[in-house]
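Each structure below appears as structure tokens.
In what comes next, subunit A is part of two complexes: it sits with subunit B in the first one and with subunit C in the second one.
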Partner chain A sequence: MKKIPKHIITASILCIFVIVAVVYLTIVFRSQHKEEPIYPGPGVTDMKMLSTWFPALKGTNGDTEVYILDSGVPGASMLVLGGTHPNEPSGFISAVALVECCQPTEGTLYVIPRANNSAFTCTDPQEAAPMNFTIDTQNGTRWFRFGSRATNPVDQWPDSEVYVHASSGQQLSGSETRNLNRAYPGRADGNLTEKIAYGITSLIQQEDIEITVDLHEASPEYTTVNAIVAHEDALELASVALWDVEDYMSITVEKSPKNLHGLTHRELGDFTDTMALLMETANASQGRLHGRIDADLVVSGKDKYYARAAKYGAVTVPYDETGISLSERCARHISCLVQFAEQYAFVGDGTGMSLGSMPSYKDILTNGIGYYLADPQ
Partner chain B sequence: MLKYVYLAIVAFVLALIVVNMFKKKKNFFFQLDAAIVMVTLILRLLLVK
Partner chain C sequence: MDIELICLLSMLAVFLLANLLLKLPVSVSMILGAIVGALVGGQGIPVRHLFEGTFTYVDTMLIISTAMLFMMVVQESGALEALNAVIVTRFHKVPALMLILLMFVIMFPGMITGSSTAAVLSAGALVAPVLLMIGIPKEKAGAIIAMGAIMGMAAPPINIPAMLIGGGVDMPYIGFGGPLFLLTIPCAIFSVLFLGLKYCRNLDIEKLKEGLDTEVGKKYGFKLYLPIIVLIVLLVVSKAVPKFPQLGTCLIFLISAIVGLFTGKRFNFWKKSLEAMETTIPVLAKLMGVGMFIQVLTLVGARGWIVVSCLGLGMAFVYISTFTIMPAFGAISSYGAASVIGVPFLLVIIQNTSCNDIIVAAVLAFTCCLGDLMPPTALAGNYAAQIVGLKYKKVFLNCVIPFLFCIAAAVAVIFNTNALSFLSA
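Moving on, here comes the complex of A and B:
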């Protein structure tokens, strides 16, 4: 009997290991496609998909839930975008909190918790980021995905060498091709990211949304952080809202640069009648100075390397060993959203908007954001 | 269209690696390297990630 060469035996064994590894990794990676539950609260009157406003999104990973909270009292309308960048969780969690506990008393609130739904299904390469994190509610623990800044390459690939923003001709790095917040106002016949942007722009136009707020996070060393970035049409609203929130938090208003294209605060203000605003909080799990990135860093915001960097003056926000928790970041977002709504009557066309009795900044800091989320069912 | 060109290239490189792994007498660590590369290429080919 002919003896099988040794290298054939080792190659065969390794191929079996390859198959086992592929099966295991497929299960792990595919698990990120499972959506975390969102439990619509008593204020939610309807839920539609974004494809309602732009049917081409139907059946794609770009289609996403739009929660509608109609107070029943005529008034202004506000759209809140969470999850434009799913690796910036305070925007997503703030949007979920609105869906689960907000009961507007005037006007209509639209909430898209997962603006870039595709980007929730993967993590950023080479970042070693966790795939999910947990938040304790009053009677249980909820899990949420920690996704990527950009659309999943499985849904949109390849990236061009240079990303050319369609309506302005602005040129950016090719990796920005999948960044939703560089794609506005979007294109009906564009790539998936541009189609998502087009769907959101269509929603704003068709529903005559008066205020649009895009919730983000940035690294503590970034210059635009703890800030509201406002289109020139929304500068007055942002400034008036600041009168109240400045009593308990440090925050600035910045004017949207006219030469920075593709972003919500520029393009939605230019291409629609909405007052376009974007908010940034400080997230230590972003940036380049943090240590090991894990779910605890995402939620607690504590990082000893950022604390040390702060002592050297290398960060742009107050930061120490206590960190900047997800609860504090959500408290900033929610407090400002409440003020945008309340103050709109004074700077808009006279119609009012109220988000009802949302928890205050102090309440969220004291009880934690999980206290205001629904219990797992 | 470009996606399918890319996938064809991935499939071609994967086939070369598999053939090369079995074809000649090789150091075990070369074969191990090849196996690790195969994992990532197969995941790409299946559009898993």
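Moving on, here comes the complex of A and C:
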């Protein structure tokens, strides 16, 4: 076998270059640990960490804020998960909007904007995604983190070649080991991702959460998109909510597959008493067909290659040159959340839930989601 | 002309210029291609992206490094020579059966780990001297090892591209065993018999024995094989017994290598380890270059241009691309082919036809695996060539007919998915 020839001077120059690059990149990558500010609105009555419900998370990068919006009026409780996948920003921004402008008038709302906090601190290799994006509000511009689909490998590594879901034995690609939405119901003695899932499951069990909604995005070519996926126990709630929202948006309800394990809509429905739902909107920055990727694509949702692919019949949602903006995606999430809360009284145990006067789908489309976020000042 | 296409052409042009004309290493050429692509795409020199792209292959690089140490220990301890002697003396009377068994031995680590690299560097390295000893030319032996490793990577129970494609469409990894066995076993048998049978029809065992070292086996006995046995046992147990601690392929290679230090001939571990690592650094560098290249392809939008252009040419071209562009994408990464091309192609095929989706996914995964033959990355091919002491070009040429046979098998299966749907039940 051929030996590598030794070039001392070249090697020395390269070593110096590598040291400089490593120092610079350490600063760049460490900067991802800085969290964007979230300004609790008038509806927020308490903020706890997830470790309150599962103390083993305390001090880890998996611990995360849980905002509690108690209306003071007895009623049902709902948990909203944003940021399960931090590369799906409409879920995160919708959750932030709830924290900053929602004032429930009946029942209690729990919001976790950064469900997988660790995944906000890195980006996915090969995806070339931006590290953050900005949204214009009424009085200035706010920045938000764009993260990874999976837990930061600095917090949990290495992955095995094959990920075996603990409670079902289902096998998936090893890259799913750090995917929070393949880890439910979680394990108290598992890896960090499984512990986060266990913490969320514990919160649901200990607080008797009646409705849980996990907010996601999918690429426009994905089969389950512009959709509500519901556990069989939550199917009626999803269907009733659909009656109202389908007047102004195209959306479908899909039943949670019984043979696909680890996801919120399957495991939280099976392992807890909550009505488990998951929502998907179409995010062009997430798929495999997009052109140049940057923060503008994340926010505007405009991509010429997705528009071309739509003409070829290769995407599953209506898509043209105008794109699908972050505001539109958040509007879909927020409108459905409002309906889940309102309709629960008719399909649940009789207790009510209301998110108060949240902006309508049309309002968000007209004014943009930034209009409903807090002033950065 | 789309700017994304201009970026793509610039990257390919600089890569070829640097590699073929300036004779720079593949890894450096890919880095230069990535930098020029980013500059043309208006991204400046994206240090963060260049660095982040290399992390795609960190796990693969660790597997390669630890597998190289294992291979070195097995060679230096004398286990390899002893094993060769046993195989040749036991099976020389039925050469076809011997070749098929050797092929299954090459495939085995790939079947368990889903990695062709692990297969080449473990079983491939063990079998290569046997193939050479029985008279198979180096280039044919290298091709057998490369094809065997790829068939092992594609064969069940573990097929990572199938998992990646399935993960992209929320398809559980269930029902893939039948279709993948149907694709891989006949192709593996054809490959090894086509490449090797004519050279070992009339083996002269007495002549062969002259080249075999039977003394080392007698001196150390059974314990000489312990590192290989430990490797097999740990690979199987860690996959078959869910409650067994997940050691990971790297640690399993390391544990097996450490066992080998005490079971046979003594040697200078430090010196031999450095030699082993020196030979593998160019391949690791190549992987890092590929990681940078694909990250910049995505950054400037060239990845999207490639995939959408394929989709735009209609269903017929989707099928043609499945059997041409998808394995060719393995020149960059076979896993990348599964994720970048496999997922949209599967969605388009199942949305526009009534094919059995599991079998279509299995065929796509199988063709992705064939990409590990494609230079410059050619993970399976490059190491197979290195093991038999040749440049990859000669080995690659000998893989062409088995490769075409595999493609023909995949074509036959994808157009008969409904008739074969019982395999995915």
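Note that the second predicted complex is superposed on the first by the 363 of 377 C-alpha atoms of A that agree within 3 Å, B and C clash if a C-alpha of one lies under 4 Å from a C-alpha of the other, contacts with A are read in each partner's own complex, and residues count from 1 in each chain.
Methods note: contacts are C-beta pairs under 8 Å (C-beta built on N, C-alpha and C of every residue); 3 or more make two chains touch, one makes a residue touch a chain.
On a predicted model such as this, the values are computed, not experimentally measured, just so you know.
J.: Of the two partner chains, subunit B (first) and subunit C (second), which one does A:23 touch, if any: first, second, both, or neither?
T.: Touch status of A:23: no partner.
J.: Check the residue A:128 against both partner chains and state whether it touches subunit B (first), subunit C (second), both, or neither.
T.: In the superposed model, A:128 contacts subunit C only, not subunit B.
J.: If we overlay the two complexes on their shared chain A, which of subunit B and subunit C does A:259 touch? Say first, second, both or neither.
T.: second
J.: Classify the contacts of A:288 with the two partner chains as first (subunit B alone), second (subunit C alone), both, or neither.
T.: The second partner, subunit C, only.
J.: Which of the two partners, first being subunit B and second being subunit C, lies in contact with A:158: first, second, both, or neither?
T.: both
J.: Tell me the contact category for A:15 with respect to subunit B and subunit C: first, second, both or neither.
T.: first
J.: Looking at the overlay, what does A:312 touch: subunit B (first), subunit C (second), both, or neither?
T.: A:312 sits against subunit C, while subunit B stays out of touch.
J.: Looking at subunit A, which partner touches more of its residues: subunit C or subunit B?
T.: C
J.: So which positions on subunit A get touched by both subunit B and subunit C?
T.: Correct list for subunit A: 21, 25, 29, 158.
J.: Along subunit A, where are the residues that touch subunit B in the complex?
T.: Residues of subunit A touching subunit B: 5-8, 10-11, 14-15, 17-18, 21-22, 25-26, 29-30, 122, 154, 157-158.
J.: Per the contact definition, I'd like the list of subunit B residues that touch subunit A in the complex.
T.: Against subunit A, the touching part of subunit B is residues 2-3, 6, 18, 21-22, 24-26, 28, 31-32, 34-35, 38-39, 42-43, 46-49.
J.: Which residues of subunit C touch subunit A in the complex?
T.: 3-4, 41, 47-49, 51-56, 59, 62, 113-115, 158, 160, 163-164, 166-167, 169-170, 172-174, 239, 242, 246, 248-250, 275, 278-279, 281-282, 291, 294-296, 298-301, 303-305, 307-308, 311-312, 336, 339-341, 343-344, 347-348, 351-352, 386, 389
J.: Name, in rising order, each residue of subunit A that touches subunit C in their complex.
T.: 1-4, 21, 24-25, 28-29, 123, 125-128, 158-162, 164, 169-176, 221-224, 257, 259-261, 288-293, 303, 305, 308-309, 312-314, 316
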